[in-house]
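What follows is chain A paired twice: with chain B in the first complex and chain C in the second.
Let's turn to the complex of A and B:
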């Protein structure tokens, strides 16, 4: 008679079949789906290109600037690029709606462009990538300071970064574990 | 004739070709078909054992050199009209096996592919979405 119990339970709980594609389905929060890229945060260190297993990520130089390409059709969604990105320029979304017809095959690409610009100090042409975290060693920069450094070419950027850093009070406090000099 | 067309558009039969896959996508295909939660048979689809009964072909794997001739022979045995679905990134682009000496793919150099379902492996819902797209193409070809 135990089947009656199952029958009754099934009447209450309804079908266990997922309604997709006729209705909504569930998506786990931690699902690794389409990777999105934010060119404004990227420093063009190319770590993501190095660690990409599927060879999906590529950087190339165009007349407009440096271009980032990620082809979803060879991305394994392993998440290594997101893990290793020091700037959090890459992010995994939970979007798994990636099936497409053959004519869209080479359009399944995540694009990003770091445009060329003229240096605000010396006027030389350079690729305006975001400043690295190294430029702000020892303190937390404001968004304005990050944007200011972006206007300079790599050569001028060091000088300007030093100027900005000099304006900040030294953020690294004295280590309490080290004995003070003259006491030992 | 129109009756047959109406009826057959509601029941495309699926056929699965493993072109040197790692079995990951095949497990997802089995999940899509066999587990009541995903149940591809709601779309009227059914897996068949013979290529001569097939309407929609699901191909997994990067087309290794060893299976290339067998896959092409098998594909030529499937009667027209047929719809080809590449499941996983391996048949679409070669995936992580691209540029290997043992891999002849991507598969669209040899076969006419209609729908691509990227993923490594794609989740069952993504495969269902791809099959739904393939059914739309299948209806237009009848």
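Let's turn to the complex of A and C:
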């Protein structure tokens, strides 16, 4: 008979379901929804493509540059691409409104283009992917110094990074009391 | 009087997943049962060898949605053993948190279905409504209601800040009194007890013979829990009282599950209190060397064993898993012996069979 109490409480408290689609529904901030891509941050390392179980992510080369494609109809929303992206170029939004009609199915794609450009140093045509701090071999560059490399082709990037790194020789610990960095 | 055969399944209103029982009945009484499997076979084990070690974290999570944390957890444990990766302290506790949240939701789902099969639909609705608290916790902390994506090789993918811990604590405080109330209903309600007590009995000796695991074994009085017998993650530092029953019937199995859900709340609180600071795991991938190992964890349905063999290439050479339902559904032939036809669905659901896991 004690269950009658539960039934009575339910009568008073009313429905516990959300009034969707006539009202708002529960959408937490961490929800793994539609993926958005920022081509300006992407180095085209293809980590996302390699960890994607569904094969939803593709890179291909077009006359305009390198194209990123994320096919939402194949995406499992596991978020591994976002987790492993070293550049934070991929982000998951809380947008879960992904139902669509059959004729819209080819539009459920996230596109991005890394455009082709002419190298500022040698003039060769190259795909202007985002530069990384890795090119500086040991030297920790400022974000501006990293960004500067964007205008160069891969070969000239290495040269320019070496020039910048050479201008900042590694600080030698003059004080013997200073503990060495990087020792575990 | 002659016997005749009733087919139950593979598509049947009382079964949640496709499974085929050829039941030989004499009047209302079951004389023998023949179980035919294979209706949900998708070739996932083969597929794991065609995908990379890192892709498989997601693939193993999608074998089954109710144990969707245990599969990648055991898989990651195996890969970590092969590669000699030590899990950070914080990640060990966070893995326990993810596992226990999933356990509460999984157990509540099963006992809810049990009430539904008894015909007590108000109780079914009430338990499912209570389970929504844990579903919301999963959605808020991990971003999905079922596929929580908590594990990664070498750590976890989520972190709990002060807000997250406060939210978890508030939701547990909300859940606990309702769950205690539900346990009282399952223990005292005549409609439920009359349909479930003394039904589908698996004695202690039979349970040992069948090698059943998880709540099915514990309801028959076998105090076997991987979290205690072979502690992994942070379980060696946590207090995990093993819940056992004595009767081995449908009712005992429901009560063991409810008690375990209650214990999980305490484990979650211990984890939240003891959660060490530090790293949660690497965000870079590494090369996994050649090797083979076995890893096991306590899934909501019982002991889940993973065997992984790698050869130094990006793809694993072999991944094999022994799921708890594989051990438990063999015992169904004993539980269904001399049962009434109307109790078949009740007894089948009481072992919480996960067909997707078993047939992959």
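Assume the second predicted complex is superposed on the first by the 143 of 184 C-alpha atoms of A that agree within 3 Å, B and C clash if a C-alpha of one lies under 4 Å from a C-alpha of the other, contacts with A are read in each partner's own complex, and residues count from 1 in each chain.
By definition in this document, a residue touches a chain if its C-beta (ideal position, glycine included) is under 8 Å from a C-beta of that chain, and two chains touch if they have at least 3 such contacts.
Model, not experiment: these values are computed from the prediction.
Taken together in the superposed arrangement on chain A, chain B and chain C fit without clashing. In the superposed model, A:159 makes contact with neither chain B nor chain C.
When the two structures are aligned on the shared chain, A:100 is found in touch with chain B, with no touch to chain C. By the touch criterion defined above, A:21 reaches chain B but does not reach chain C. Applying the stated contact rule after C-alpha superposition, one finds that A:168 touches neither chain B nor chain C.
Of the two partner chains placed around the shared chain by superposition, neither chain B nor chain C is touched by A:111. Taking the C-alpha centre of chain A as the apex, the lines running to the C-alpha centres of chain B and chain C meet at 50 degrees, rounded to a multiple of 10. Contact with chain B, but none with chain C, is seen for A:73 once the two complexes are overlaid on the shared chain. Of the two partner chains placed by the overlay, chain B and chain C both lie in contact with A:53.
Closest approach of chain B to chain C, taken over C-alpha atoms in the A-based superposition, is 6 Å.
Taken together, the two structures place residues 16, 31, 53, 76-78 of chain A in contact with chain B in one case and with chain C in the other. Residues 2-3, 6-7, 10, 16, 26, 28-32, 47, 50-53, 76-80, 83-84, 86, 92 of chain A are the ones touching chain C in the complex.
Against chain A, in their complex, chain C makes its touches with residues 51-52, 54-59, 61-62, 122-123, 126, 129, 132, 136, 139-144, 147, 149, 152, 157-158, 181, 184-185, 188-189, 283-285. The residues of chain B lying in touch with chain A in their complex are 36-39, 42-43, 89, 92-96, 98, 108, 112-120, 122-123, 125-130, 132-133, 137. Residues of chain A touching chain B in their complex: 15-18, 20-22, 25, 31, 53-55, 71-78, 96-102, 105, 108.
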